[in-house]
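This is the structure, below, for whatever I ask next.
Chain lettering (A, B, C and D) follows the sequence in which the chains are written, and residue indices restart at 1 in each chain.
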Amino acid sequence: MINKKVNNVQDALQGVESNMTFMLGGFGLCGIPENAISELVRLGVNNVTCISNNAGVDDFGLGLLLQHKQIKKMISSYVGENDEFERQMLSGELEVELTPQGTLAEKCKAAQAGFPAFYTPAGYGTEIAEGKETRDFNGKMYVLEHAYKADFAFVKAWKGDEAGNLVFKGTARNFNPCMCGAATITVAEVEELVSVGELDPNHIHVPGIFVQRIFRGEQYEKRIEQKTVRQRG
Amino acid sequence: MLDKNGIAKRIAKEVQDGYYVNLGIGIPTLVANFVRDDIEVEFQSENGVLGMGPFPFEGEEDADIINAGKQTITTLAGASFFDSATSFSMIRGQHVDLTILGAMEVAENGDIANWKIPGKMVKGMGGAMDLVASAENIIVAMMHTNKRGESKLLTACSLPLTGVGCVKKIVTNLAVMDVKDGAFHLLERAPGVTVEEIVAATAGTLIAEGEIPEMKL
Amino acid sequence: MINKKVNNVQDALQGVESNMTFMLGGFGLCGIPENAISELVRLGVNNVTCISNNAGVDDFGLGLLLQHKQIKKMISSYVGENDEFERQMLSGELEVELTPQGTLAEKCKAAQAGFPAFYTPAGYGTEIAEGKETRDFNGKMYVLEHAYKADFAFVKAWKGDEAGNLVFKGTARNFNPCMCGAATITVAEVEELVSVGELDPNHIHVPGIFVQRIFRGEQYEKRIEQKTVRQRG
Amino acid sequence: MLDKNGIAKRIAKEVQDGYYVNLGIGIPTLVANFVRDDIEVEFQSENGVLGMGPFPFEGEEDADIINAGKQTITTLAGASFFDSATSFSMIRGQHVDLTILGAMEVAENGDIANWKIPGKMVKGMGGAMDLVASAENIIVAMMHTNKRGESKLLTACSLPLTGVGCVKKIVTNLAVMDVKDGAFHLLERAPGVTVEEIVAATAGTLIAEGEIPEMKL
């Protein structure tokens, strides 16, 4: 067993520098690497490019990095729910590249799997396809999209073991598995770090080979963005 | 004239037994409330869940279980969770039978715009571009006109497109229409709405042949 | 819940005809759809194309269809371990298309995921790439490979539920998940068919949306191809 | 001169701490037996397992747990099972650190042939083409000559290729060689084997500079 365990978030983020490109898992505030984000704020690295489906909210998630003006460029599919984001974007302080959600997931997956590029129908005929190669396959048009390159991927899982194997819970899985192994160094933070042998080898969502460092996150707020309930009958 | 729940109720009649359905944010989300309970349907949300159930009871919400609108949800027996790439395999691979989403504009050739107003609003396309580029069966749920009273059914979209020639059916507060052969084809009127009112509210080519029945809800 | 359960292998294979293209899961004899294969033999359909990593052995697995001369063409990555196969291939009775194993998996996955084609480095500079488009991405050469099309996919899982959700055991998983949803109709056979709600939604390997029909296989021989053991110390 | 176990033993010395290793069928499989036990290594098999252990004890074999050679195996703590597409993501995505495989022929430019003898034998390439096209670190384990005594280290391969310019190192029953700059570079002699014998058994360009040490096992 190749041991990927590091003791804390500081060790996990060793080598992180300004001007780097990061991938961050999560959908909205669900399944985001809360501890890595806090540490990125503390480290004060800036001028970074972040690939993440969303940009958090004003005072949580990636919104914290926006607040501290650490982000040069965001690559996301949906960036509503964040006033500071809108302000920085409209003022030109922040560069934004919007990518269809399925394309974003697959550009990470392609990097993980060693595919340089792929053809997807998403965005054909829209401004997303401008300047990109398009091609007809069996009478339908597709856009050529390239794999992402990143220095670090920060993902959050529910459980993990010392070998770097990861297990997710519910929809907190989302982009996290797609980003593992898609960057030079993948850092996984987990709510529960167990010994090897405790996870069922049949039910590992991400094999440890895709993860370079794993640590137990000190605390998780797991903020709910849109609490929606129904009345008890 | 229909309200948002009325639009959702009418669209629910389009949902057939055995359908996997993706519901967009807004009016489409309401459709789930009106689907007949004698048919088998499963709702997919692109953030990674199949088999969505109703919202949780107060105190039972789980931050790790949400839908694409970031709302807390529950799941039904037979549900599954998966990653984003798998989710879009379901969508791109045309395993989802019906996609229902909102729009700012729809053109008579089936083009749709719903993600950006240049200089004003850019929230992003989320999963909409993947959905409209892949789905064989797309229904748009929207108001017939915008807040300024202007028609959202146009000859050509003025806003940046989300997808080209993809919308097959539209249900608005005023009417049900097919989109084909470069025109909107009026199928049903909302209760109390005349064909003339629909024509007046539609900027694109609207074809209304024969008697147009009032919709049954 | 959309119910995918059918009562038996006969119902599961309704619509199967001669001249069709089938995908069949399994690696060697591990994780093969034994019951579907037996029924294909019984139905006597012929002139079929089979996409499967291997071709079974002389008297088991796809070897049974070869024995009955039902296969027109095999698409596989490795076809050793089968004398009848070699005889039919050398005599020209059987058409064979050899495809690198990773490419084979991905051609199925592409069909499942709605990708028309993809670029892979496998086979570049070899006869596998002859007549195919090749392309340089970042200084490395890739071959364009197209998604497969099949009429039926036959897969075998360990457990499944009525909604068509599948769970695999060990390396019997192999190609099976890649083929689900890659054909017009996917037929899953399982050792244990449970009621919905019994499988953990976090640990479903193939969501039911990719499966059209599911049934419990009557019996499984699960023959071992290379029994290899070590001596007790 | 080395036997098959000797070749495996020598190759085992190339396996470093923290390596994920894919072992081909034949001699490469034997390498696992000789890896130092004070380093951390995980073996991947392309049929869908990471963390392979030794063969099972008699009576404990499981038909559902095999390696790419279709042999029954066991797994170690920390192992995982996955599907074939994920397996080749590990390989194509260069997450596997070292690939060890057999060959029928290797050329001085690093080309390798190991899947087909036209008109005679076609077993197929299995995962070999994916492995050699993707791996950054490939060691070939083979006999220096074939059964007819002909060199398997050639100026150019005569058999259909498995991959081009990909082999970095070769360990045979006679020698250890690097493959670079269009030539085989002799690094070590097998016990009791002279440089002259290696030169005689090598059809391609062989460069032997300075004193060539006998390998330590």
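Here is the rule we use: a contact is a pair of C-beta atoms (placed from the backbone, for glycine too) under 8 Å apart; a residue touches a chain by one contact, two chains touch by 3 or more.
In this text the structure is predicted, and so the values were computed from the model without any measurement.
Enquirer: Between subunit B and subunit C, which partner chains are common?
Expert: A
Enquirer: Looking at C-alpha means, what's the farthest chain from subunit C?
Expert: Most distant chain from subunit C: B.
Enquirer: Measuring from the mean C-alpha position of subunit C to the mean C-alpha position of subunit D, what distance in angstrom results?
Expert: Roughly 28 Å separates the two chain centres.
Enquirer: Taking each chain's centre as its mean C-alpha position, how far apart are subunit A and subunit C in Å?
Expert: 33
Enquirer: Rounded to a whole Å, what is the gap between the Cα centroids of subunit B and subunit D?
Expert: 55
Enquirer: Check each residue of subunit B and list the ones that touch at least two other chains.
Expert: 81-82, 85, 88, 91-92, 134
Enquirer: Two or more other chains touching the same residue: where does that happen in subunit A?
Expert: Only 114-115, 120-121, 168-170, 202 qualify.
Enquirer: Quick one: which chain pairs are touching?
Expert: Result for touching pairs of chains: A-B, A-C, A-D, B-C, C-D.
Enquirer: What residues of subunit D sit close enough to touch subunit C in their complex?
Expert: 45-49, 54-73, 81-85, 87-88, 91-92, 111, 115, 122-130, 133-134, 160-165
Enquirer: Within the complex, which stretch of subunit D touches subunit A?
Expert: Subunit D reaches subunit A through residues 18-20, 40-42, 44, 50-51, 75-82, 85-86, 88-96, 134.
Enquirer: Of all residues in subunit C, which touch subunit A in the complex?
Expert: For this pair, the touching residues of subunit C are 114-121, 137-138, 140, 142, 146, 167-170, 202-203.
Enquirer: Where on subunit C does subunit B make contact in their complex?
Expert: Listed in rising order, the residues of subunit C that touch subunit B are 1-3, 111-115, 161-163, 165, 181, 195-197, 201-202, 204, 207-210.
Enquirer: Which of the residues in subunit C end up touching subunit D in this complex?
Expert: Within the complex, subunit C contacts subunit D at residues 27-31, 53, 76-81, 86, 89, 96, 98, 100-106, 108-109, 120-128, 158, 168-178, 205, 222-232.
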